[in-house]
């Protein structure tokens, strides 16, 4: 077990790296598309909705295979790690739009009206008034999204991205110590994901306090 | 307070305004003019269309029919040379709204910003004033509404009366031609109501053009040049405070005023 | 495949039609294996969910721990555990049943919570009335609580079926001939990447789209009298 754990910990670091990268890049696109879905040209709406539908109605494993097969086919040769991040990003953005949009829509319509009455344009009101208030409400679900990404990133093992699940698999294949390895892998995932879920729940309580009048 | 000067030019002209919500007729053929420097108070029972009228003026609600001119400019669109109506773009509408300050019954301060930032935001971002200047002016305006020393508090840390005075300062900061007040004190207890009314009285003294919806009849009598009475979406009677309060002509106005005890005035 | 390719938007349509029967067959395997896991999950989920509410305290904690473990670790890990652990304790199953067992584990983790929430949503006066009548706890559960809870569970169970169908794509790694696996196999044999992936994706979207429509329908129309229960969406 002594020599297994360090290898798994290094792989966990990769798992976390991939997930955090996908989360952060995903937030950029999630915000852009989420805002566009609320105040952008109506023409975009069916496109964005269609994208969300595709992401949510196909298995993530299929999306991973698609990235694995199609990117090289389109002449884009990338390291597996990057392919993995891109697949995870494609998936996460679909979910993050659905985090951003309700948060934007949850800001009281009176705030919009006050901005309108001052003569702000839609985009200025979004930037100065709606987004700053909605941002707080996005933090807990985004933390939760990170937990989901850590879980989902395990699927990248099917295209041999050397993250935690893949590493576990490789060690089992070479050592046959499947019980020890599986217990350690499960424990590492469990602790990481649990910490993130607790973090999300904690932030949720903080936000709730803010909404009932106490500033953060 | 001196009476309205009828030689002043017309600032706001509302003609034959109609607005329906589903089957409710919220405004029916409403017409009203407000001259520069004039203080107009609108009264009427709940649901009579007072808020709808104010919200139509700055196009928070789009009227179904009728026209609104502010300082000679058509609100919400324009007529092309061939007589076609062209709806204003949202950017154009935003530009027009800058000339109209609005104070809401529920304050609607930006919840994430301090009092000072609430006031400075518009001048800085909409009027593109330098930040330091916008903030200095905001400070002055807050002092004017008796809130010096409260600059850095968030809306949630202010009383209702203080929030409403910040809201007034926020609207004034844009240097509007016209101020709209929609029951600015209805959410406040009598003491806080007084704070807010005092500020509004000062504005009235400075000849600010204002259109005020309120149930504070004492205030109306004191500051108004003109009082309008609304019922079921119609402006049924317009006149000087003396005409409306002492010699109301329309039976609905009489009935409405009878509900207020004489001592309450 | 001696005919000339029939191209539409750069896609070989003739090929897509040709593989369609195999795809549909694979889709049936996907749906079958998922439905089986969902049902087995209910069979386990009802008693576990019931015990989670009215069982002895240590058992409640044990079930809660199991649920947190299943939900708090990646699905693919459950496949690995089942794949390695069952033979380890002397249970030898073929790929298909290994897959069913693993998917059942995944489904149970969510169904226990659906059952629990459904039972707790039934007014507690109902249980007390049943107990006051002289029923035992299990009797009150089976006769009073469960029948009332059932209708509220249907939308959530439909959503859980969607989750299981998506999870079943992971079976491609242990060589079950479900949709994703068959699609991959065809790609490796023919190198028709886009055509195959598109067809696979569309088939998933048809089934999952129909199920989410059904779930919304159940939620809004049929069961509008009581709040429907939900289950988190997994990928």
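All chains are identified by letter, namely A, B and C, in their written order; residue positions are counted from 1 within each chain.
By definition in this document, a contact is a pair of C-beta atoms (placed from the backbone, for glycine too) under 8 Å apart; a residue touches a chain by one contact, two chains touch by 3 or more.
Bear in mind the structure is a predicted one, so any value in this text is a computation, not a measurement.
Once CA atoms are averaged chain by chain and compared with the all-protein CA average, the nearest chain turns out to be A. Comparing the centres of all chains, each the average of its CA atoms, the largest separation from subunit B belongs to C.
Centres computed as Cα averages put subunit A at a distance of 23 Å from subunit C.
A straight line joining the Cα centres of subunit A and subunit B is 46 Å long. Centroids built from CA atoms put subunit C at 58 Å from subunit B.
Shown for subunit A are the residues in touch with two or more other chains, of which there are none.
Taken together, the subunit A residues at the contact with subunit C in this complex read 53-54, 56-62, 65-66, 69-70, 73, 91, 148, 150-155, 157-158, 165, 168-169, 172, 178-179, 182, 185-186, 189-190, 193-194, 197.
Those residues of subunit A lying in contact with subunit B across their complex are 108, 110-111, 113-122, 124, 128-129, 132-133, 136, 213-215. Contacts from subunit C toward subunit A in the complex involve residues 68-69, 72-77, 80-81, 84-85, 88, 165-170, 172-173, 180, 183-184, 187, 193-194, 197, 200-201, 204-205, 208-209, 212, 233, 235. Within the complex, the subunit B residues that touch subunit A are 58, 60, 90-91, 94-102, 104, 106, 108-113, 121-122, 125-126, 154, 156-157, 167, 170-171, 174.
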